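For clarity, chains are labelled A, B, C and D in written order, and residue numbers in each chain start from 1.
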Amino acid sequence: MQELINRAKELLADGTVARVLGWKKGDMSYNPEVAYFNNAEELEGFVYNGFCAANLSKYLIEASKLEGKTLVFLKPCDSYSFNQLLKEHRIDRDKTYVIGVGCKGKITVEKIRDLGIKGIESVEIDENCENITVKTLYGDKTVAYADAMLERCHVCKGKEHVVSDEVIGESRDTVDAERFAEVERIEAMSPAEKFAFFKAELSKCIRCNACRNVCPACSCRKCVFDSTKFDSAQKANVDSFEEKMFHIIRAFHVAGRCTDCGECSRVCPQGIPLHLFNRKFIKDINKFYGEFKAGEDAETKGPLTNFTFDDVEPCDAVKGGN
Amino acid sequence: MLKIAKVDLSKLYAAIAETADLFVPAKTAGQTNYTLWSDETVVDMDTLKTVKSPKDVFFPQSENLYTVNKVDKKYKITPEELCNRDFVVFGMKACDIQGVKVLDKVFLSNPVDSFYKARRDHGTIVALACGEPEESCFCKVFGIDCAEPDADVACWFVGEDLCWKALTEKGEALTAKVAELLSEGDESAVEAKKAEIRAIVEKLPYSNLSLEGWHGDATKEKFDSPVWDELYKPCLACGTCTFVCPTCQCYDIKDYDTGHGVQRYRCWDSCMYSDFTMMAHGNNRTSQLQRFRQRFMHKLVYFPANNDGMYSCVGCGRCVDKCPAHLNIVKVIKAFQKEEAAK
Amino acid sequence: MPMNEEFKPKIVAFCCNWCSYAGADLAGSSRLAYPADVKIIRVPCSCRVNPMFILRAFEKGADGVIICGCHPGDCHYSTGNYYARRRMAMLFSMLEYIGIENGRTRVEWVSAAEGVKFSTTMNDFVAKIKSLGENVRLGDIRCKN
Amino acid sequence: MQRIGVFVCHCGSNIAATVDVKKVVEIVKNEPGVVHAEDYQYMCSEAGQALIAKAIAEKNLTGIVVCSCSPRMHEATFRKAAERAGLNPYMVEIANIREHCSWIHKNIEEATEKAVILARAAIAKVNLNAPLKAGESRVTKRALVIGGGIAGIQTALDIADAGYEVDIVEKTPSIGGRMSQLDKTFPTLDCSACILTPKMVEAAAHEKITIYTYSEVEKVSGFVGDFTVDIRKKARSVDMDKCTGCGVCQEKCPSKKTPSEFNRGLGNRSAIYTPFAQAIPNVPVIDRDACLKFKTGKCGVCAKVCQAGAIDYEQKDEIVTEKYGAIVVATGFDTIKLDNYDEYAYNQSKDVITSLELERVMNAAGPTKGHLERLSDGKHPKEIVFIQCVGSRCSDDRGKPYCSKICCMYTAKHAMLIRDKYPDVNVTVFYIDVRTPGKNFDEFYRRAVEDYGVNYIKGQVGKVAPQPDGSLLVQGVDLLDNKQILKKADMVVLATAIEPDPSVRKIATMLTASIDTNNFLTESHAKLRPVESPTAGVFLSGVCQGPKDIPETVAQAGAAAVKAIGLLAKDKLLTNPCTAKPDELLCNGCSACANVCPYGAITYEVKLINDHGIREERRVAQVNNALCQGCGACTVTCPSGAMDLQGFSNRQIIAEVDAICR
């Protein structure tokens, strides 16, 4: 972490960048927040640890409008979002300086709480990111790092940065699960079971829009669900259908653009596994139109703005294609 | 002081449900929220905080106001019926009950919101003292005693029992209906429990947060503070904080075309949204800084200014737990403290 | 709703102006009958059909939605139906994934010369929707009754 | 709120017999926005249109819904009527209650209910219509004719005679097409070459006509009035300017074993060749696949013998880019492959030939110098059997479902010519029906039967079996006498079905012209616009649109020319105003729309945007209305809904959906 701070100070000092976009220590050990640092002094508050899960790439849309370059720290998976935003002309490469940071998987206090741990006073991560020591009102607890890790890290798509000006820090392979296993589990269900599953999940939705607003692909200036363009403006859940409409269309709009960064599921206050929508589309795209990783580069045409003459027919796609 | 064995709670729920709708915290798809009780409901009294506050029992996220139908060339307006069925909310915590009091200030003062009032009139609140307050709790800061909730009935889990004490007429009436299931309880054991809870509260990290400088007269000073300039930046402009909050009461009124009529309904709105209070001429808050500031100024300055110093934050800590950007009212208060100290 | 003779499905058919709408016209001028449950909306091209239109139809009570366009390779705008094909493949797959009965949505390529195909397609689609019964999973309850 | 008038047409009894028109009028009167509703016998008539004009004036209508036949039929009629009455033409919508309702339903109650719903949808749409104004685009005063057969030549001559520049693109080394392969033509029996050659010469000599032979259309962009076309001039290996057409190179060429395309493979040609003596241009090409110089590097005889020094082995394909206002497709036909018809022994016996091959056999310049002889042994045949409908009117997928139209007549011609020249030869024709609807056609056929003694047998042939003695055993059936027929023949001629030239598929795709299941180009309207493709500015000439004989082809060629001339005569064209339109405030500048636009109509511009008080520079989409054709691909790819299609807007379509589902 100190290496990151030192490098950021250097780049600020030599005028390469005008500001730094990173994470700032929170008031608890587990709630760092996204922050801009304008000088060396402010950088003393900089932090980078397992709790720094936030994908900073979307913040660069606003940062691109500022004077001068912004130094941004991107985890390997965030670099995909960065490329995708570059492809869509939403951020300005010339106004960014990307330091790729190593990633040993990201954790969340929610997962620690899910283990039944209450009254958390502080959390300490050991140097190798193997174990977490949790101090609570009711005594100290130890948790395996992997048990506090976000779902996305268990199925991480790789620790290589697809774009960066330099890379600092070590990464670690965190994959211990099959990425599409859950999608396949649902696919194998009967229609009634599928519907029951999604109904139970989506009926929790409170339409807070956190999933949308955190999503680097959902970067519309004005979401279609906030505008009058389709007579579809909605603010709150009224009937369960609206949630289906919102989530299906949201997934459709980001299909071929979603990098599977997992932010939607991370931020959902109701714990809805929203990534299951996006990942279904990713699985389908890979199957029907060939392996495609959104954000792998900033040039390739997305699968839904492309075609081949002998694409699968919609009815065959439903039957499972080939 | 009365009591009922924990193992018999389902009988209690069933008995209450015989004469009234019963709302309880229940777990569906891994999350605990208030739900209308039925035989199949998996009641979850152990989770301290439901994701959403129970405010939508009184002020639903969306509710119909009236329906317009066209009969030949004439329009027929049918107002939505007011709540006319008694209901019981079981398990509300002290903070959420204070939240309802905040809503009362808004909806029961003139002009009275008839939809809300009907629900308040028909609702009985059975409160539950917090067994194990959590680190995100800071109700104490607002003078709330989570060991001694103030409602129609107050309850405590003590050992293998739920202790029950009616505090109001409504509470007495409800007690009478389920009297058969209740037996005499031990007052002193409850007192001991309260002391235990209060001892935990003392140790909570946010319990000693200072609200110094936050009051109805602080508008100018806080509004113009440069602290907001950096503070809002991580904010995603989602509505999570407002929708999980027990006191946020803003709503929008919209129409839905059902194909055979138009339903006019209201639904929660969020001051964090870019189209909040959008009017024909445009929007009076054009930046996220302004919107972000609005929410906290409202909770800690504007609301006390108009309600005899009453804050419209109750320290439930839901926003602390749920904000996707790890921003919350505690951080706001602390940021201003730091700024003050620096001065 | 129980399956019985009374069930009159609501079916929305989006037809591209150049092929399928003309195919429907040909079905008409050839007096090739299909059930009145089908109502056609004219769009310039199958690529004009937004998934939001389809979900909207279901929300408002449609029981089936069919999209008809020129045969691949014959699009009046050369490539429109290729995009439509990908979009609909994705959408249909998602609908199946969330438990919507397979068959409520369909894409058929019908040329201006295929009045017979238009008619048989619609007959077949209506029969399929009748066998599936009323759309209860995608409708908005406010639009019922 | 609009003030909408609804006009319900009876269409005589076409609509009124099945739809309770009066009831529709009564019900739609209560729809939002409707201030006027009436019905009339024929809305499209003068009187009907006058009713609309009157209502517009009297009731201040801002929108019109006509419940009538398909908009493809009369939308333009009603739009013009509204325009004359002072209303924007795009404030008119049609509810198709004829083709989509009255004609397909029998139950009056059901049809009436549906008609009401279709009317509602149209009313809901009109409520959201906005006046649209057509833009203008320029017209390039030059036409392209694809295909240099009789259809293309005639079209080009007619356009050129009207004073416009025309280019003909022909993929073979010479213009002339199928007609140049024919010996005589029915029903007059005049020599094909004698009437075609002057036309070819005229085209070549015409100062307004440029002919690109041995060339193909490579790429087409643009739109009516302003097409840009890349033409690939394939390397001829002979300098067109230097060649004198002396023919010595062809004589001396050592590689003479390539089957002649012109003679349908019945004879051979040299590697450097002109397809036939009267070829235009009279400049040979080198078939690089057959040429020894190209295959082995050795030879070069032609270059040595060419006095003019015209041989150029280094020549490369050349791309010519030209602009055109109109394009006429005249790609013609070929006979189908007979691989699916083994029973006729076409691939087994040289003496089973197609009718087009017979044309070459009968032709004095053909492989047999015009002598009727068996191709297997050169013997004079005594017994010839013609089999009709080979691959035509076929109910399975071996052949074509349609009638090839010309076969009955040319078979009568062949039979007559043979009997005339060789009275010793017996001619038998197996047919399903003899179809002779044309001027002097039936008389011609009757002459064959009555004057020339051609033996017509109604019935099909099941098998042609080559015999050890070299003859052919034809097994057929006589349906009139209801008996099996076994006939020994010396030659069998198959009236092979014709199909559009295979090159048409690629051309149709480039032109975005639609094609039917048989690969014939689709006309804009089967009856009323038979020579126009649905794609504006593209016209159809000859067999590419459907089977036809020479006089029909020439007539259609002229018709296509007139349509093209009508277009070229205009200085400006009104463009379709139903184009995509971005809402700059909502545009993300993400380029998704530009990625799917088939016309390159979307570009991006960095503009200063004032978004509700926020002023900032943004990259926003711009649509070129002259290029946009209004497909709507961009609107769906745009996640924010910033891109919308005028005339088919998101809200309009959703209003229709809502109206139908309610």
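Here, a residue touches a chain if its C-beta (ideal position, glycine included) is under 8 Å from a C-beta of that chain, and two chains touch if they have at least 3 such contacts.
Please read these numbers as outputs of a predicted model, since none were measured by experiment.
J.: Go through C-D and B-C and name the pair with more C-beta contacts between its chains.
T.: C-D
J.: Taking the mean of the C-alpha atoms as each chain's centre, how many Å separate chain C from chain D?
T.: 29
J.: Taking each chain's centre as the mean of its CA atoms, how far is chain B from chain C in angstrom?
T.: Between these chains, centre-to-centre, one finds 46 Å.
J.: Could you work out how far the Cα centre of chain B sits from that of chain D, in whole Å?
T.: 71
J.: So what's the Cα centroid distance for chain A and chain D, whole Å?
T.: That pair's centroid distance is 53 Å.
J.: Return the residues of chain C touching two or more other chains; collapse runs of consecutive numbers into ranges.
T.: Touching at least two other chains: 50-52, 56, 60-61, 73, 79, 83, 87, 140, 142-143.
J.: Could you list the positions in chain A whose residues touch two or more of the other chains?
T.: 222, 224, 230, 238, 304-306 - these are the residues of chain A that touch more than one other chain.
J.: Hey, what residues on chain D touch two or more of the other chains?
T.: 596, 637, 650, 654, 658, 661-662
J.: What graph shape do the protein chains here make by touch: line, ring, star, complete or other?
T.: Contact map by chain: complete.
J.: Using the touch definition from the top, list the residues of chain A that touch chain C in their complex.
T.: That would be residues 183, 186-187, 189, 191-199, 224, 230, 232, 238-239, 241-242, 244-245, 248-249, 251-252, 255, 277, 280-281, 284-285, 288-289, 303-309, 311-319 of chain A.
J.: In the complex formed with chain A, which residues of chain B make contact?
T.: Touching chain A from chain B are residues 28-31, 33, 48, 51-52, 61-62, 132-135, 200, 203-205, 230, 233-234, 236-240, 242-244, 252, 254, 256, 265, 267-270, 273-275, 322, 324-327, 330-331, 334.
J.: Taking the touch rule as given, give the residues of chain B at its contact with chain D in the complex, in rising order.
T.: Chain B residues touching chain D: 70, 72-73, 257-260, 282-283, 286-287.
J.: Under the touch definition given earlier, write down the residues of chain A that touch chain B in their complex.
T.: Answer in residue numbers: 26-28, 31-36, 54, 59, 118-121, 137-138, 200-201, 203-204, 206-210, 212-214, 222, 226, 233, 235-238, 266-267, 269-272.
J.: If we count contacts the way the header does, which residues on chain D are in touch with chain C in the complex?
T.: Chain D residues touching chain C: 70-73, 96, 98-101, 103-107, 110-111, 113-114, 117-118, 121, 505, 508-509, 512, 514-517, 522, 534-535, 578, 596, 598, 629-633, 635-637, 645, 648, 650, 653-654, 656-658, 660-662.
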